[in-house]
């Protein structure tokens, strides 16, 4: 068995969730999602297009910042990533703050494009490397973007999976619930249960998260690493062993 | 008294209607309105800005054809010109066709931007060199753009004056009627009445249309003529005596 | 994602019945591709003029390629009325969706933004409204206090946008320059087909000045070279119009027989204007 | 119509209480002008982030210049949270109009188009809606058959748009390149003030490539030269960010006392970053 670090596992895991997408967009300050998108591009032999915000060599925008949102609205973006100051079991995300809004006790940055993109992009992957019950809560204090919508509300997109440092959950938009699909090597179901603040289902075929094979690892440490180093040199150096 | 031709009279007359405007836009195929706008610019010492569609040296658009309409909607265009296949006494214009739409017996080009710009630009000057009862009708067969709007309808613009080869009418948007303000040299009120298909008021101070003075004529035949020759060389040559 | 191909291939990528968006005169009318379309005998096109039409629209109508036309106006400019358009409208052989320029821009921008509609001031009181049951009047939802009607224009999502540009690069990025309506069309349409004067060596996005006027290959299905691809129309900044050819066309467009002669000469002579 | 002037004059043209539109990081944040604004002691600004804010917004808040903020998010990016923003929000000293990026774009585009509002898909179910009584939900007027709620966003008409660009020409035409949001801002705002890296000799519209990325002087009230006018932020395609300065700012922003020190050093040293 090949050795790999946690970042490499997360990159390979998220890339599996991106198979078959035509166009993945990645927001700023997202080295692991960006690496997963680039890995998907390599694994698809270039069939998957990747747009990385803030990386001029991997973006085609020429109509201002609004183009990302318009592009998503046109149905031309298949996958995107969101984090969340809080994420609840119904797939709601909170990027605004902790406490009783508007008198939040802790303030995050804001909802950014989530209240739109969450409805427009089919495969939204929620990504939090820290698997923490203060993040994965029963109910978010502020809904930046709702996990599901009632019938009659036009919606094309939404949460598709939640990837943390411990596990992978799939999201069922009909049920409005997460299902634990796999636990990362070294993690256990009881530990996941103890550190997840919301209720979730467990897949009958719950497994260990698949380890990246040698081919995948060499891609991550090779082409993907060199590409990601252009935007995230520190990450490429420290996590993927790419010389500056 | 200086000699001048009918085109020079129309240019000088329309320029008087444009005094005080900050920005005049002129559509395509409009040499006389464009000349009037350029004359206004000279008379204002450049304080009036002129945009001539189709003349790259006199336009600043860089956001596509939609910029003209957006610009008008922003309140940044004070004056514009329309013709009309038919114009009626209520200020309605018809650019679509004669007869019972959609089975028109004669088809014009279409309404173009009139159904929007007529509501957005304060001083719309209607201009028809031929003063003909088949054009100046009691009621247009198709309203491309309405002369007035009922209370409660948001409206910033509309018809301001009608200039023909025979006369100048002002438009009263409260009354929804034209008032004959002046008749061109050589024309008579009975003739205007006979050749105008709609009812109109006559100004108590009805006068002869003011003849252009020597300064104005030398501007028209000088700077204005040279500028308009860039877009309308044939017009400049034949009507204003500008050598090609 | 873009394929470099030929003008005839571009024409073959426009199926019968397509909703086809076309740009106004002077801004990149793909006349070479239009002639190829006529040669291939396309039928039942639903044209969307952005926002007006000229010889291209008139010719397609005259050649029997058009079932429906959404337009704010069709004319041959200083060469006079568009004869085939007028003939088709007065004889009732064309389904016409009468519009006004900013409504077509608004409809395309709605599609670009994934919005079901865009509101448009003005228009109220125009007979256009009476003949556009797809346009609606609502009260401004932000105005609680007063009657404040406003027209809403449905999104226009063409199947295909077709236009001509100065150049495209190897990857299929297209330089549209100031003609930003072309970008709106490409964003709104499901597919975009482009003819160009010439191929740009390299990548347009590598030049900061050119990048500002570049439509990404992401939106472009196919590009084909077509030197003087707008002729007999002019192409702003590149070449003027062929006045004799346009005058001849205007004359031919006025009568069925003359137009048939023009079309026959035209359809059998691929290089003719 | 544009005046060439100085950064301090630009700052003096922004009255207390102005609704001021500011662009997001990397796309031309006018930091030199922002420092001049703080030096002049501007008060009660109503900021509109297009669509997000960073050090510029945080600094103005910390300096006591801001009464109200419409934003989709404020952060210092990889340098961490925007401390003054967070402090002002949690202490309730700032009137916050919580938004989401495309809503701000839509609001500006509504103003650009003279439309009272623009519709926006999504957003339904977000708590943002609960705290934006000015945003409304209507049923899609084109959907007669079914319930189909859609959010409508009112037009945003800033008093002033303020941003930084690569260059402007003698006439005051400004080259924005790919940063088209700046054009939307200028169209939407009543006035536009611009700082630039350098003066372009000649007229930008005379170069077809540059013209495609040029905002006409028609929309621009004043332009001032400001070399490295975005520093300590970077300016895409021109210079990177000053990492040490941003790290120092991020740290100072977290505590009142440290921020006061930073501000004092800053306000009394015009050339400091």
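We call the chains A, B, C and D, going by the order they appear; numbering starts again at 1 in every chain.
Operating definition for what follows: a residue touches a chain if its C-beta (ideal position, glycine included) is under 8 Å from a C-beta of that chain, and two chains touch if they have at least 3 such contacts.
Everything numeric here is computed off the predicted structure, so don't read it as measured data.
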item	value
From the options B-D, A-C or B-C, the pair that copies A-D, where over half of the contact pairs coincide	B-C
Far-end chain from chain B, centres as C-alpha averages	A
Comparison of B-C and B-D (more C-beta pairs in contact)	B-C
Separation of mean Cα positions, chain C and chain A [Å, integer]	40
Intercentroid distance (Cα basis), chain C paired with chain B, Å	29
Between chain C and chain D, centroid-to-centroid distance (C-alpha), Å	36
Where chain D touches two or more other chains, by residue	102, 109, 113-116, 120-121, 148, 150, 178, 183, 211-213, 237
Of all residues in chain A, the ones touching two or more other chains	56, 61-63, 69, 73, 120, 154
Contacting chain pairs - touch in the sense defined above	A-C, A-D, B-C, B-D, C-D
Footprint of chain D on chain B - complex, ascending	23, 49, 56, 60-63, 69-76, 120, 154
Footprint of chain A on chain C - complex, ascending	1, 111-116, 173, 183, 187-188, 205, 211-218
Touching residues on chain A, where the partner in the complex is chain D	28-29, 54, 56, 61-67, 69, 73, 95-97, 101-120, 142-146, 148-149, 152-155
Residue numbers on chain D that touch chain C, as the complex places them	102, 106, 109, 113-121, 134, 136, 138, 140-143, 148, 150, 152, 154, 176-178, 207-213, 237
Footprint of chain B on chain C - complex, ascending	24, 26-27, 50-52, 71-75, 77-78, 81-82, 85-86, 89-90, 92, 96, 98-103, 105, 109, 120-128, 131, 146-150, 178-184, 236-237
